[in-house]
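Scrolling down, you'll hit the structures one after another.
Paired with chain B in one complex and with chain C in the other, chain A is shared by the two complexes that follow.
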Partner chain A sequence: MGFPHKTHPRETPVLSTHFGDSEARSLSGWRARGGYRALEQALGMAPADIVNVVKDSGLRGRGGAGFPTGLKWSFMKPGDGKPHYLCCNADESEPGTFKDREIMRWTPHSLIEGCAIASYAIGAEICYIYIRGEFTEPLQIVGAALDEAYRDGILGKNAMGTGKRVDVYIHKGAGAYICGEETALMNSIEGRRGNPRIKPPFPAVAGLFGQPTTINNVETLAAVPPILTNGAEWYKGMSLSSPKSTGTKLFSVCGNIARPGNYEVTMGFPFREFLHDICGGARPGHTLKAVIPGGSSVPIQTMQEADATLMDYEGFVATGSMLGSGGVIVFDDSVCMVRMIARLARFYAHESCAQCTQCREGTAWVTKILERIEHGSGTTADLDTLLELSENMTGKTICVLSDSCAAPIVSGIQKFRHEFEAHINGKRCPMRSAAAA
Partner chain B sequence: MSDAKMITLTIEGRQVQVAEGTSILEAAKAAGVLVPHYCYHPGLPVAGVCRMCLVEVEKAPKLAPACATAVAEGQVVHVHSGKALEARKGVLEFLLINHPLDCPICDQAGECELQDYTFAEGRSEGRLVEPKRFNPVEDFGGDVLYVPNRCILCTRCVRFMDDVAQEPVLNVSERGDRAVIGKFEGQDLTHPWSGNVVDLCPVGALLSKDFLNKARAWELDRTASVCPNCTQGCNMMVETRDNMVVRLRPRPNDDVNKYFMCDYGRLNYRWMNRSDRLEAPLVRRGDRLAVAEWEAALVAAAKALDGKRVHAVVSPSLSNEALYLVSRLLERREGTGAFRVERGPEAPLPGVEDLALRSDRAANVHGAELLGFRRSDTPMAGLRGGDALLFVDADPGVLDVTDLGRAASVVVIGTTLPEVLRGADVVLPIANMVEEEGTFTNLRGRVQRFLQARAAPGMARPSWWVLGDLLGTMGEPGNYFLASDVFTALAGARAEFAGMSYDTLGLRGLPVMSPAGAR
Partner chain C sequence: MTPAEMGAVHAESHAAHGGAGHPHAEEHRPVFTGAPRAELDALLSRYPTRMAALLPALWIVQRERGWVSEGAMAEVAQVLDLTPAYVKGVVTFYTMYHQHPVGRYFVQVCTTSPCGACGADDVVRAFLEHTGTRELGVTSPDGKFTVIEVECLGACGFATPVMVNDEFHESVTPDRVPDILSKLE
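Now for the complex of A and B:
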C-alpha cells in the first residue's frame, strides 16, 4: 500500500499489505496474519528445494543490482565444513529509498521469517541484520520482534523445535553510505573501517569473517515467505512485462509529487501511470521535469523517457536508466537541475570511503566544479571537464560509488545541458533570480 | 616451483610463463614490463586502491587492476594501450589536484614515483581552478614526519605497521578528499622498524627527520653494501654526498631482509663519517709516535711482532678478508685471537621470518668465529707476559693500562687511535667498512659482499691491504692486489668458503658450506 496513503486500487500489495497496521508488528498479530507458516514449511523441506523454489520464482535482488536470488543462494556449497553466514542489508542508505524502513517498521517479523528461511536454505546458522544507525525506530521495532521470536523458540539453538540452529543478530551501523555496499558492510560488522573489498573473492567464497556468506536486501528476504507459501508460479505470474522480472516491487516516491510514499506494484507496471495515477502526478500548478527512478545512483530520466518506461529491471535500462533500489525522486519545473546534481555530487564526495583515487579526488572535484557552475562562475569548458572526469570515474574503482556520482552528472549534462548553459551564460542561477524577482 | 601449475600469457606482445596465482603486475615484471603502480608493494598485502595499475585485458569488460588480478591461461594484456594510458592519466591528474607541487623543496624529488609517472604519462597542466586542500605537517614520532598535502593515500605505511611491524599505529582517518593518514590516539611511530614507512612511501609524504633537507636525491652516490650494525646482515644501499655518508637504506634481498631495515641500523651511520681518524702510519720514536712512510711503518710493525707469540684483539666487524689475514699471521706466530661483542636489546620484525635487529651489535661475529677467533667478554685475558699485542680496530673499552704493561710490544691497526693506545709501538691506519670492499658472514652463515662507498682519509689503506702487506713483510709469500684476491685465498684455505668468489657471491651473497658439505 502507498503508506501513508490508502492502498491504490492499481497497487498489488504483497509486502506492504500490513503497512500501517500496528498489530502486525507483534508476534501474535503476525501469526494471526499467517506469519511463520512459511518458516515452518521451510524447516520441513530440504534446503536445496527451498533454493529451487526461489530460483523458479524469478526473485531478484531488490537492493539495486537485481542479481537472481535463488542463483546467489545456490553458490553456498553445503557441507564444505565452513561456517556459513547470512547478512541482511538493512542499511538502506541510498538517497530517495525508504522501502526497507517501512518493512521493518510495520512487519518486522516478515523480515525475521525471511532471514530464518534463507539461513536454513544456505546452511547458515548465524544471520546479521545490518541496520543503519539513523533508523532508530526500525532498530527498536526489529529488536523487539527479535526478542519475541527468541522467547517463542522460533529462533535459537533449536529453531521451532526442529533441532536446527538459526541465530539472528542486529548490527547497528554508524551512518556511512558506503556500508550499504556488501563488502563494506561485512568489514563494518567485523569491526573494521567500512571500506569495500576487492572482488574476487566474492562473498559466497570469502565473505564475513572470511567465510562463505550470502547477503540479501530486506525487501528480497521479506519476499521469500510469501513465495514459499504461495508457490513460485504465483510469484512468477506477477509480471506485466519481461519474464526476467517477476513479482512485486516497492517503490519509494519522493520529491515534487502530489502523494509521496511507498507503493507496491507488479513488475512491468507503466511508469507514466504509476507517477500520474497512483502517485497523483505533479503538484498543482507545476509540471514534472525529470525523475531519478532507482535511487540517487542511477541516471536521470527526462519525463519523455519516464513516460515510455515499464517498471522492471529491463524496462528502466531500455529507457536509459536503472531500476536500482526503487527510490523514485521526482523533480518538477521549480527545481534547478544544476543545483540538484551538485547536491547529489556533494553527497557522494562526503561519503566516498577514500580508498580509490578516482573516487576520493574525483567526487570532491566534480562537486567543486558543479557548485561553481551553480553559483554562476562556470565556463563551457567546465562541462567538457565534467564529462571527462566522469568518464575517468566510471568503471575504474573497487565499488561503484564513483560511478554512481558520475551517472547523474553525465545524464544531467546530456539531458539538461540548456540549464547548465543558462547558468554559465547568465552568470547566475536562473531559477534563483526568478524567485528573487 | 616445480609443482606449481604454470600459466602462459601475453603481456605487451611478450609471452611469459608464471606460476598460477601470480598477479598480472608480477607477471609483467617477469616479462620485463613495468606496470606503473603506487599502492602495490611486494612486501605488503595487496590493497588495490591507487588504481594506477589498471591494464587492458582482452575480452574483459573493464580495465583490471594488475596488482589484484591473477593471471589466466592465454590472457592477452595491454599495459600501454590507449585505454590503459587514458586511465593512468586520469589517476595522475586526480592525484595531483590537491598536491602542492612543491617538488623544489621536497626531499622526495628525484626519487618520487609521482614525479616519474607524471613526467612519463601525465598531463602537462592541471585543470583544477579551485583552492587546494591544505593540512598541516605532523610529527609522527620516531624518525618520521608526515606531510599530508603530498600524500596519495596509497596506505603502504598503514599496511606496513598493521601487517609487517604488527603494531597498528597508523590508519586512514576521515573519508572522501578529507582523508589523511592518522595516528591512533596516544601512539607514535616508535616501533624499532617503523622507519621503513619512509622508504615505502612512494611520494614525499613521509619523510625522515634525520635526512630532512640534507641532500637532493640526484646528488647522491649509491653503493651496494651490507649493514654492519648487527649480525643480521641486512642488505643496504649507502648513499653519499661529497664523500659523506648521508643516508642508509635497505636493499631488497629475499633471503635476508626482504625490503626492510631497522631504525637502529639505518640511523647508526655517523661513525662512518667521523673526522678524528688516523690518516698516516705512526712509529714510535722515543716517547712519541711519529709519522712514517708506509714501507717503514710496515717494517717496524713486522719487527715489533717478530720472534714473539702474538695475541690479537680484533673487532668483530672486520671483514672476512681482514680476519683471514689476521688468522694467517696468528698461524705464523702461533698466536691467539679474541674479540668482544657489544650487545643491545633484540628487536624482531614480526611480519618477516628470521629478521631482527640482533642483540650482537657487530657485523661479522659468525665470520670471526669461523676463522678461529674466540668470543670473550675479556679478550685481553689471552695476552700472556712477553706476548706481542696486535690490536685490530677493536673497542678500546676492552683495554686497561695494566693489560698493556704485559705486552712486550703493541701494534695497532685501526681507524682511530684511542688515548689508551698512545703507548703503541706502531700504528697502521685503515679504512672503515664503507671505505673498503669486503665480505661479512651473517649469523645464519650467509657471506655477503659490501662495496666501497667513500674514500678513506689521508694515507689510510683498506684493512686487507695493510694486513696483506704486513704478512708479506713478515715473509709470507703471495701478493694481494684486490680484495677479491684475498677472498679467493680464503676460499681456497677454508672449507666453509670453498668454491666461493666475488663473482659467485654477487650482491646477494651465499651461505657458507656446512660441516657436512652442504650449503
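Now for the complex of A and C:
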C-alpha cells in the first residue's frame, strides 16, 4: 500500500497490506486477518528450525546494513546458561525514512508477533522495543497492542499456554539519532548516554546488560510471520533480481515528488519505473535532479544513475549508492543542492555523540565550510578541504555516523560540482537570488 | 555590545525561558511518591538493573513537572542508587528532556533537508510569527509557547511534520498554522 495513497497495481503488498485499515490494529482485527497463526506455529517448532527457515528465506536486515537475519540469529548459542535478549530497533531517525512508523501505527501486532517469534528462536525471554520518544502515536498504539496481547495470554510467563516465557516491553527513547546504532541503543536501554561501543565484542557475544543479544529493525521482524506462514520459497520467489536480495521491501519516498509515501515492491524492481509510475514522478512544472535512495547516509545519485538502478542491495551499489534503510529522498530543480547537503551536514554535527575526534570535529567543520559556501563566501580551495576532511571521517571511527556525514558530501561535490562552483564564483546562492528577483 | 548589555540580554532571555520568578532555586517537591512511585516500581521489574529505569524515570519526572530540574535529578539519582552527576550526564545527552521550563505548548518543527526541500523554513517562520515568540527557543511573554527547530521526526513523507507537545501534525503548511494554534487553550 502506497500509504497515504492507494496501493499501486505494481506494488506487492505483504507488510503494508493493512496500512490505513484501523481495524487491523486491534487483536481481534489482527486475528481476523490471520494474525498470530505464525506465532502458534513457531512455538510448536524447534528454535533451530525457525532460524533455518529465516536463513533459507534470504531475509536481510532492513535497518540499513542488510545483514542476513537468519545468520545473525544463529550466532545466539542455545543452552549457554546465559539470559539472551532481543532488541527491536524502532528508533527510525534516518532522514528520509518513515516506514517503521507506519508498521507500528497500522499493524502493531505484526511487529509484536515478529518479536515473539524471534525471541523464541534465539532463546530470549525478554524483548525490548526501543521506540524513539518523538513517535507519540506509535508508542501509544504499540503500547495498547501489547496490553491486549498480555491480557490474551499471548505474551508473558506462559506464552500462548506453552509454558515458555516471552515478555515484550517498550523502552522509550529521548531524542538522539545515534541511539539507532545498535550498541548505542543497548547503552540507552541500560540507562546510559547513547554512545556506541567499540566492537568486538559483538552483541551476540556481549550485548545488552553484557549478555548475548540480537538486534533487529522493525521491518525485519515484521517480515518474519509471513515468512513462517508462507515458507522460505515463497519469500525467495518474489525477488525479481539477485538471489541475494529476496522478498519485498518498503520504500519511504519523500522530498520533491508527486506522491510521497510508503511503497512496497519486490526486490529488483526498476527504480525508474518506481519513481515515475508508482510515485508519480516530478511535480508539475518541475524536473527531478537528484535522489538519495537509502536514507541520508548513502551517496547521492544523479537521475541518470537512478534510472539505471534495480532496487535491491546489489543494484544500488552497482550505480554508486546503497539501499540503506530504503528512505528515498528526491530533489528537483527547485532546490539548491549545496543547501541540502549543508543542512544534512548540520544534522550529523548535531547528532554526533562526540566520542571520536574525526567525527566530532569533522562534522562541525564540514558544516561550517558548507554553510560558508552556501552563503557565497566559499572558495575553490574549500572544496578540496571538504574532500580531505571527508576522507579523514571515513573508516576511522567507532561507528559509521562519521562516514554517513561524508557520503552525501563527497558524492555531492563529485556529481553536482557545478552548483558548488556557481556559489563560489557568483558569491551567492544562485537559487536564492532567482527567488528574490 | 558592552558586556553589561550582553548580561542584560542574557537575563532577559533567561527570564523568558523560566517565566516569572526563579524556578531554578525552588525547593524540589518529590515526584516519586504515590502513583508515580508505584509506576516506577512496576517499571523496575522489567529490567535486571536499577540503572535501566533511568530514562523511564526521567520521562515520569517530565510528565509530572514539565521539565527536569537539578532537584529532580538528585531525587532520581537517590531512587535509582546513582549519583546526581551521573544522572545529569544522561539528561544532557538526550535532547527531549527539558533542562529549563518551557512554554505550555512546546512546538517542534522538522527542518532537516527532506522537509527543508518542501518548505519547512516557511512553516517555522509562521509559527514564530503567530505564537509571538519571534525567536527560536524563547518562550512567549505569556508563557504559552516555545518554538524550536528539530532534526528529522521520522515522518518525512508528510512534510512538514510538527509536534505540539505530544500531538503530531502531518503535512503542515504555513496557512494551516493559525488554525492549529487557535485550538490551543
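Just so it is clear, the second predicted complex is superposed on the first by the 437 of 437 C-alpha atoms of A that agree within 3 Å, B and C clash if a C-alpha of one lies under 4 Å from a C-alpha of the other, contacts with A are read in each partner's own complex, and residues count from 1 in each chain.
As a convention for this text, contacts are C-beta pairs under 8 Å (C-beta built on N, C-alpha and C of every residue); 3 or more make two chains touch, one makes a residue touch a chain.
Quantities reported herein were computed from a predicted structural model and do not represent experimental measurements.
*Asks:* After superposition on the shared chain, which partner residues are touched by A:C254: those of chain B (first), chain C (second), both, or neither?
*Replies:* After superposing on A, A:C254 lies in contact with chain C but is clear of chain B.
*Asks:* So, A:G362: does it touch chain B (first), chain C (second), both, or neither?
*Replies:* The answer is first: A:G362 touches chain B but not chain C.
*Asks:* Mind working out whether A:R372 is in touch with chain B, chain C, both or neither, as first, second, both or neither?
*Replies:* After superposing on A, A:R372 lies in contact with chain B but is clear of chain C.
*Asks:* Does the superposition put A:G426 against chain B (first), chain C (second), both, or neither?
*Replies:* neither
*Asks:* Of the two partners chain B and chain C, indicate the one touching more residues belonging to chain A.
*Replies:* C
*Asks:* One more residue to check, A:G34. First (chain B), second (chain C), both or neither?
*Replies:* After superposition on chain A, A:G34 lies in contact with neither partner.
*Asks:* Which holds for A:G153: it touches chain B only (first), chain C only (second), both, or neither?
*Replies:* neither
*Asks:* Using the superposition on chain A described above, determine whether A:H350 touches chain B (first), chain C (second), both, or neither.
*Replies:* both
*Asks:* Output check: A:R192 vs chain B and chain C. Expected answer is one of first, second, both, neither. What do you get?
*Replies:* After superposition on chain A, A:R192 lies in contact with chain C alone.
*Asks:* Which holds for A:G395: it touches chain B only (first), chain C only (second), both, or neither?
*Replies:* Only chain B; A:G395 stays clear of chain C.
*Asks:* Common interface residues of chain A with chain B and chain C?
*Replies:* Shared contact residues on chain A (touching chain B in one complex, chain C in the other): 176, 193, 350-351, 353.
*Asks:* Touching chain C in the complex: which residues of chain A?
*Replies:* Those residues of chain A that touch chain C are 4, 83, 92-98, 100-101, 126, 132-137, 167, 169, 171-177, 188-194, 209, 252-256, 260-262, 296, 327, 329, 331, 334-335, 339-341, 343-344, 347, 350-351, 353.
*Asks:* Which chain A residues qualify as touching chain B in the complex?
*Replies:* 176, 178, 193, 198, 349-358, 360-365, 368-369, 372, 385, 389, 391-392, 395-398
*Asks:* Residues of chain B touching chain A in their complex?
*Replies:* Interface residues on the chain B side: 46-52, 54, 62-63, 65, 68, 86-87, 90-91, 93-95, 97-98, 127-130, 152-153, 155, 171-172, 174-179.
*Asks:* Show me the residue ranges of chain C that touch chain A in the complex, using the header's touch definition.
*Replies:* Residues in contact with chain A: 46-49, 51-56, 58-59, 80, 82, 89-90, 93-97, 108, 111-114, 116-118, 150-159, 163, 166-168.
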